[in-house]
Structures are given as C-alpha cells and as structure tokens.
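Take a look at the structures listed below.
In what comes next, subunit A is part of two complexes: it sits with subunit B in the first one and with subunit C in the second one.
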Partner chain A sequence: MAATAIQRKEKLIERIFLLIAFSSIFSLFIIALFIFAEGLPLIWKVGLKDFLLSTRWAPTKGHFGIFAMIVSSFWVTIGALLFGGPLGLMCSFFLVEFASDRLRAFIKPALELLAGIPSVVYGFLGVVYLVPLVRDYLGGPGLSLLTASIILGIMILPTVISISVDALVAVPDSYREAAFSLGATRWQTTYMVTVHAARSGIITSLVLGMGRAVGETMAVIMIAGNALKIPLSPLDPLRTLTSNIALEMGYASGMHRQALFATGIVLFFFVMALNTIATVYARRKRIK
Partner chain B sequence: MSKLFSRLSRAILLSLLVALPLACNNSSPSNGKKKQASASIIIAGSTSVQPFAEKLAEIYMVKNPWAIINVQGGGSTAGVRAAQTGIANIGTSSRNLHPEEKNLYEIPIAYDGIAVIVNPGNPMKNLSTETLRKIYAGKILNWKKLGGVDHRITTITREEGSGTRGAFEELAMEKTEIDQGCIVEDSNGSVRELVGTDPYAIGYMSFGLVNAQVKAIALDNIMPSIEAMKKKRYRFFRPFLFLTRKKPAGLVLKFIQFVLSREGQDILVKEGLIPSAIIQGEKLKWLLQPSREKKS
Partner chain C sequence: MTPKRSEHIALGLMVSGAFLALAILFFIIAVIMIKGLPHITLRFLLDNPMDMGRAGGIFSTIVSTVYLLVVSLIIAIPLGVGTAIYLTEYTKEGLITKIIRFGTECLAGVPSIILGLFGFILLVIKLGFGWSVLSGGISLSIMILPVIIRTSEEAIKSVPASYRDINKVLGGTRWQGITRLVLPSAAPGILTGVILSVGRGIGETAVVIFTLGTSLRIPFSLFDSGRSMAVHFYLLAREGISMNNAYATAAVLVFSILFINILSYYLMHRFVARRR
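Here is the complex of A and B:
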C-alpha cells in the first residue's frame, strides 16, 4: 500500500513538472500566434513581394518596404561573424589546447562576465569611443556597418567561445595522444585533428553567435545610425529589422503598428532558420 | 541552498504583496473628488514634453503631498492613443493633432521652438529654409556647397512618428520627404550628443533642450529665441499639448490649472519654452472646450 502512495505522489510531481515544461512552450506558441495575427493582415494588404522587396519605408505615408533592413540585418550579422568568429575560435583553441589550468581559471570567468554586461553599455561605449574613432580615421558619419559589426563581434564572443570550448573539450584525449605520438606539435594537432573532430560543435557556436547578432537591438540602435538606405560600404549607416521595431514602436498605431509586427515575422524566420541550422549541426555530432 | 531559495522566494513574495496595492492604486484613473484624499494620475506621451511635465509634477507634488503624478514617455502618437483609450489621465503631444484625433480635449500648455543645430566648431551661422529643405531632402550633400569645408554633411533626423519630426516636416519640408539616407536617432538627447561630437553634423531638436554642447543657427537670418518666437518672426515652433478624453476634473483639472497659472508658466519659461497664454491669450474656460465645439 505504501508503495502505491509513493508512486502516486511520484506521478503527481511528474505531471506538475510536465505542465510547467509545457507552459514555456505554450508561451512561445502564444508569442508566435500574436506576432502572426498582428502582422499577417498587413503583409496580405501590401503584398508579400512589396513588403519584402521594396526599399521604401515611410509607414505614416503608406509605404511598407523592408528590403533595406533585411539586407542590413544580413550584413551586420556577417560583419559580427567576421570580427567575433575568428577571435572567439582562437580564444577557445587557446583555452582548451594551450592555456595552463591557472590561466584558464582566470580567463573563463572573465569571459562569462562579458556576457553579463548589458547591451546598452556596449552601445554607449560604442557611441562615445568607437564612433568618433571610425569617423576621424576612416571617414563617414562613424555610425556605420563597421562600428556595429565590431561591437556585435565582441558581444557574440561569450556565445561562440563557450559552445566551441565545450565542443573542443568533448574531443577524446586519445585523438591528441595519437597525433603527438606521430610527432605533431600542439598547433598541428589542434588544426589537423581536434578542430576536425569538433567541427560540428564549432559551426554550431558560430551559427548561434549569428543568432545573437541578428537579435541584438539596443546597441545596434545606438551605433548603426538607423538610416533607411541599403549600405553600400562598411562606413554607411544602416537600420536592422530589430532596431526598426524598437525605434518606432512607441509611436506606431494602426497599419504602422501592424507593419512592425510584420517585421517581427521576418525576424522570426531569420532566427528560426539560424537555430535550425545550429540544431542540424549539433545533431550530426551526436550521431557520429 | 534550499534555505537561501526559500528565503529569496519569501522576499519576492513579500515585495509583491507590498508593490501590488501600490501598482493598482497608480493605474486606476482617479477622481480625486475629496480635497485631502490622496489621488494619483498618469501623464504619458511625447518625449519632448516629458522632462517639462516631470518638472511641473515634481513641484506640484511638493506643494500638494496628497497628489501622486506619474509622468511617462512613449511618444506623441502614443500620448494621443493613451488619452483616447484612457490608459493615461493626460496624454501629451508635441505636434498638432491630426484631423481624426480631434475628438479629445486639447490644452496647449506651452509652445516650443525647433532649433536647427550644428557642431559648435562649425562656422555656419545661418541657413534659409529652402537650403535646409534641400539638405534634408538629400539634394545638398556637402558643406562645400554652402561655403564650408569639403566634407559630406551628416544629416540627423528623428524617427517616424516623433512629434518633433512631425513638426519639422510640417514647418521645413512642406511636401518634400526627408531623405532615407539620413541618420535616425530616437531622442532629443541623442541628436544633441551626436551633433555635439560630429563636426560635420546637422540636426534639429527642441529649442528648450539646446545647451552648450551644440550651436543653434539662424533660419532666414533670424536666430531662435523666445522673443522671436513670441513675435512669430521665428516660425519654427509647435504646441505642447495636454490631451484628455473626458472633461478635466479632480486632480487632472487642478494640475492643468496649476500648469496654466502664472507660477506654472514661469517654470516653463525658465526651462526655455514659450508660455501658452502669451501666444494664445484665451481663457482657461475656452481651452477646456472640446476641439470640435471650438471649431464650430
């Protein structure tokens, strides 16, 4: 009898946890539902082609083209990857393959601190220090693709480093020992053996870093200039999908508001695509 | 660990219990019929009006400790909507109302100039409205064309829907549109910050908030000043509106009366605004008529 009482209690707790687990999925579902319910009518009215491929955004005058922002979001993400990717990967190689335990015990927490700095602080530093530097030495208004890419590159470092470190650590030591016994140096072992074995995890880290970059808002509003043109050089200002929503939401009503939700739909697909790619790569590793 | 957790959750619960009644009290639109009973109202809307409304509310609350006035931002369009839906007791706007928004009581509390600003290091002192329009339309891109150095102009505008931008479009741009290549900033503060640090920038902002970081320039040979605006010689100014859905009563009415009183207006003048009464010259009674009735 006692056993069934315990079992019943166990079942009950299991149910409660199941319910709680589902509530988080439920909130995702609700968010998606709301974005689509608010945004789709506008896309329907304007037409998908005009919405996605027109560069004219003047919502109070009835023009809802977000092509320039899609291109801008794309470039900023690529730019962040160009700065943050190599930096983050090299940092994780160093941490796993070269650093002494004592050094690692110092660097890892420091990097985690980097993740805890609010994005508005990054943006503020960017405006005050980086923007004048770019303006004075490279030209343009300083608020630019380049500045945003550098700041975002730093912001994605914690994501890139922590995931690629995990991937590198997961490579069995027997791989390294085999390489050493063949006379390979530490660096040769790293780039010929370890990186290959951890490849899927490293790609996952880069893709998730891109997801972080595409979703960043506050810092980008402050340093990217928010102009509505397609950037033609790294020194041109630009406006990303996220900054468009945050900039105008306070003022938007009616069609304008719907258009911002529709921008959210596009962003939703952006992030979903990146996450799917990341999951596919992460899964490939497990099957191996 | 679990001890800490339970202590933490107890603390959170306790703070919620304390905060909840407060929050409820704040959000309920008050009638404040009894004089001494405490009452609270919410003012929300234009970010240009916000600092001035905060100042006024602060002073009013010191004098009348029973009153609680919450001032929030959000933007002019949000202010109009907040007044229409009743989310805020008073909505604020820094642009004229559109025809479809005229179903509100609108009380101009003051007028604010829009100053065109450049970096203090810029020798430019004067622009004609037409030149200004060409700069913002993207037709003039280089300071050289205006007799300055050979460098691209960094044109800074405000975001779509902003009251300051709306007023600027109305006053300077007429039918032309602001070029999409302009840099867009989302507050007076960030426009000022950028123009203050970029020697080649031009921007526009609330005259009351211009400080030594930037240099205001003359338009059509007239420097922006309260005197010039009172005489309507400098024509770049717009109203700061308080909007209510219902006829003002209780604390809402009292606060509006305070703002329009000599004392309230003096505070606004000290902050760099043009007092409402001097341009308007109307009486409070007239102001409290709904705008529909005023027109007919």
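Here is the complex of A and C:
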C-alpha cells in the first residue's frame, strides 16, 4: 500500500500549493475588506453625493468633501500621461525599431533603473531643482500641477517603456519586411504598420502608467503644494487623493480617520478601473 | 514633406527623447552622488542618528531597513515561489490560473499608500502589533509578492520540459521533480526576482512609514518600531532637518539600489546565457 501513501502525500502537497497560490487574491480581498469596512460607514453618514461632490474638506468641523482632490488626481494623472506618454513611446520606438542591438543592450537596462529610484528621491530633486525653475520662469508658487505632472511623467517612464517595448517586439518581423518591400521607410513602417499591430499593448502601457501616476504618493506630497482647492491653471498647487491620505493619517482619529479610508476607497476604485481596462486591452492582443 | 524628410525628423525626435530620458537618469544619480558622497564616512554608517538626525549617522536606519526586508522576504518568498510552482507545475491554463493572474496583476497595481492604510488598520491597530518590524514586514511582503510571483514563474517556465520527462521516466513523484530538478534549475532566476524586490523594498516609503513607524532606536524584537533609510531621508528632507545628512542618506539608498539592480541584471544574463 506504499503507492497510496505516496499518492496521498502528493495530493496533500498539491492542495497546499493551491492554497498558497491564492495568497495574492486573498491579500487583495482582505485589503479591500478592511479599507471598505473602515471607510464605508463615513460615506454612509455623509452621503455619497456630498462626499464625492462637495469641495469642502474640514474634517475637524465635520465637512468631508473630496471633490477638489478627485479633480486634482485626475489632472495630475492626465498631466503625467502628457509628459511621460510621448517621451516613453519615443524611447520605445527608438529602442525597438531604430537602435542597434548594442545600443539597445545599454539603453534598455539603464532606463529600467529609473524604476528603482525611490519616489522620495524624485520628489526631493523635484523640489530642489524643478520647483525654483517653474517659480522663477513661469510664476506661481512653483509647487504646482505642472511640476507634479513633469515629475510623475518621468516616474511612469519605466512602466510605459517596458510594456510598450514588449508589445513592439512581439510584432512579427514579416510585417516589417512586407512594408519595407513595398518601399516604406523605417519611420513609415513604424507608424503605419508596427504601431498599428502593437496598438493594444501600447494602450495597456499608457493605462498602467496612469495607474502608477494616480497611486503615487510621496513624490506628489513633496512637489504638488497640497492646497485644498480645485486647480484652475497648471501653475496652481493641488492636493491629490493619495497625498490627502498620507498628509493627515499621522494625526487623524475617529470620523476624520474614517474619511481618509473613504478617500482610499475612491482611490481603490480608480486604480482597479485602470487595471481592468489594461487587462482587457492586454487580452485583446492575445486573442489575435 | 518627403518620406525621407519625415524619417529624419522622426528619428531626431526619438533620439532626443531617448537621450532626454537617459540624461534625467544620469542627472539624478550624479546629483545625489556628488552632494551625498562627501558626507559619507565610516562613522556616518556606523553611528546612530542623534538630535533627530541633525547629527550622528544612520546606523539604526540601516539595521531597520535590513530587518524589515528580511522579514518581508521570509513571508513573500514561500508564497510567491509557491504560487509560481502551482501555476506552472500543477495546473493547465484555465479559469483558476486566469483568476490568480488577474489577482496578482491587480495586487501589483494597488498603490502603496493603500497598502500602508491596510497595514495600519489591520496590523498596527486591530491585531495590536503596533508600529513594528512585523507590521512593516507583512505589509511590504504584500507589495513585493507580485514581483516574486512573476519572476519565479518566468524562471520555472524556462526549465526545459525534458527535466520533467526524465523525472517521470525515472519514477519520481511530482514533488521530487520540483524539489530536486525544477527548483534548483530555476533558482538563479528566482534569486534575480528576489533581488529585484529587495531593490523595490529599500526605496519604499508610503507603506513603511505607517506600519514600521519612525522610531530612531535599533529594533531588536519583531514588535519594535524602527525607521527605514527611505523614511529617514523623507523626514530629513521634508522637515529640512539636515540637508547634508539627507543627501548622504539618499546617496546610500541610491547606491544600494544601483548595486542591487546591476547585480540582478548580471545574474539574469548569466542565467539566460546558461539556458541557451
């Protein structure tokens, strides 16, 4: 009966692995559970409409409106996309379609290093070098939507580049050869054929980049100025959902703390929506 | 505009884009190193911070950082590698793998501040661990779990299928195949992922500040609070406590991260080269 003992052991091991394999789902689930359990009672009390659409945030006086922060997070994310998107795509087009193998072997890992630089370092250098530039040449306090967008644009570069490079590399060479043989130049081939074929992967890279930007905290706290109002110009300071949480978490208690978790719920929805969009686009590529 | 002209313009734009991105990287590294390195001495590395970091060194923050990373790796490596083994060795592509992959991708996208909130409310408050190495380690392990899963999966997938066939022919069980053939052969690839996640963890601030806390004492037990290098740098820089010490701390941080990334890149290359 030795065989059955071994079989039983194998079955047990498989079960254990199945259990372990659900650790990431389980983590995701309890994270959502605890953020919601802590934040929902406040949204219930204040009312969803007042919470999302009021601009009055004075937690100690019982006002919990996060509309200004939602708008700020939105603009910062768009701003980061405007700076990081084109720059990142230019880098990936160059790396995949134009650069020699040796050049690529140097540039790609170097650009991946950008992902390793801590966000606090980005924020700090932004304050020391970029903020004075913006303040002196463009006006305003310098701590602004523009500054935050530029720094976040740099921070999302590694995400945009690595995923769009993968998408471009996956385009079969026969596509390019066909275009060349029709007399297209390298650039014509890139924007008429390759980019088109890698479209879903490129969109995924931009959406995931936006996901990084909307969730970034420490750098934004340092460079965005944290003012509690809707930014009307790129030179206005602003406070995002993430910085609101991080700034006030240290001393908040009671309803105030619940309100920060409720802010977290809204952030959670934004990020999950972006992730789902990215996954849907990434799937589309596989079906083809 | 002739095709040739547009080709030149496009190429010019792309080259300047790539150049700009590289220039930003070198600027960051150069500034931190030039301003930070002169203040790094052996005493800076081996003395504890004094007067909130105005004087003294960063020894206790180095200890906190290492302690925190070790705890989070002890939790994340078994879970991450285990998940990867399940995905590659025990199932075929199907509904379960799809769910697990989607969950992993979502987890990778969860902003660090949300992980910080979660760790704070569950571990620090509800379970009563307080600001501690344990709370920080668990929270950080959730952050690096997706990285370890992804890299381990790649590493295990690249183990030649013939290894598994040989194992079967010789009458080995699946478990024997995993422990004696697959894992040893995938180990360098898994190690690369682990090193990469250490690089992630070293620089993390938002998760750590709310779970590990900001105590400047050296943590001994799992329930002691501490302050990681990244948090120390953040507090020094933000509150303008000491710019020299802030730059020096940043230089230690950036240097370790560069070292770690280059090491993992080198390992990965050797691993890939051996596979071919």
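Simple rule for what comes next: the second predicted complex is superposed on the first by the 275 of 288 C-alpha atoms of A that agree within 3 Å, B and C clash if a C-alpha of one lies under 4 Å from a C-alpha of the other, contacts with A are read in each partner's own complex, and residues count from 1 in each chain.
Criterion: contacts are C-beta pairs under 8 Å (C-beta built on N, C-alpha and C of every residue); 3 or more make two chains touch, one makes a residue touch a chain.
Note that the structure is predicted; figures quoted are calculated from it, not measured.
Look at A:Phe261: by the touch rule set out above, it reaches subunit C but stays clear of subunit B.
Contacts of A:Leu228 after superposition: subunit B is touched, whereas subunit C is not reached.
Touching more residues of subunit A than its counterpart among subunit B and subunit C is C.
Contact with neither subunit B nor subunit C is seen for A:Phe83 once the two complexes are overlaid on the shared chain. In the superposition on chain A, contact of A:Val120 is made with subunit C only, not with subunit B.
Of the two partner chains placed by the overlay, neither subunit B nor subunit C lies in contact with A:Tyr281.
Once the two complexes are laid over each other on the shared chain, residue contacts for A:Trp57 go to subunit B alone; subunit C is not touched.
In the superposition on chain A, A:Trp75 contacts neither subunit B nor subunit C.
Taken together, the two structures place residues 127, 221-222 of subunit A in contact with subunit B in one case and with subunit C in the other. Residue ranges of subunit C in contact with subunit A, taken from their complex: 3-4, 6-7, 10-11, 13-15, 17-18, 20-22, 24-25, 28, 31-32, 78-79, 82-83, 85-87, 89-90, 96, 99-100, 102-107, 109-118, 120-122, 126, 142, 145-146, 149, 173-175, 199-200, 202-206, 209-210, 230, 233-234, 237-238, 246, 250, 253-254, 257-258, 260-261, 265.
Of all residues in subunit B, only 73-78, 81, 152, 154, 159-162, 177, 180-186, 190, 193-194, 197-198, 200-201 touch subunit A in the complex they form.
Listed in rising order, the residues of subunit A touching subunit C in the complex are 6, 9-10, 13-14, 16-18, 20-25, 27-28, 30-31, 34-35, 38, 86-88, 90-91, 93-95, 98-99, 107, 109-114, 116-122, 124-125, 127, 129, 154, 157, 161, 184-188, 190-191, 208, 211, 214-218, 221-222, 242, 245-246, 249, 260-261, 264, 267-268, 271-272, 274-275, 278-279.
The touching residues of subunit A, counted against subunit B in their complex, run 55-61, 68, 127, 131-132, 135, 140-143, 221-222, 225-229, 237, 239, 247-248, 250-253, 256.
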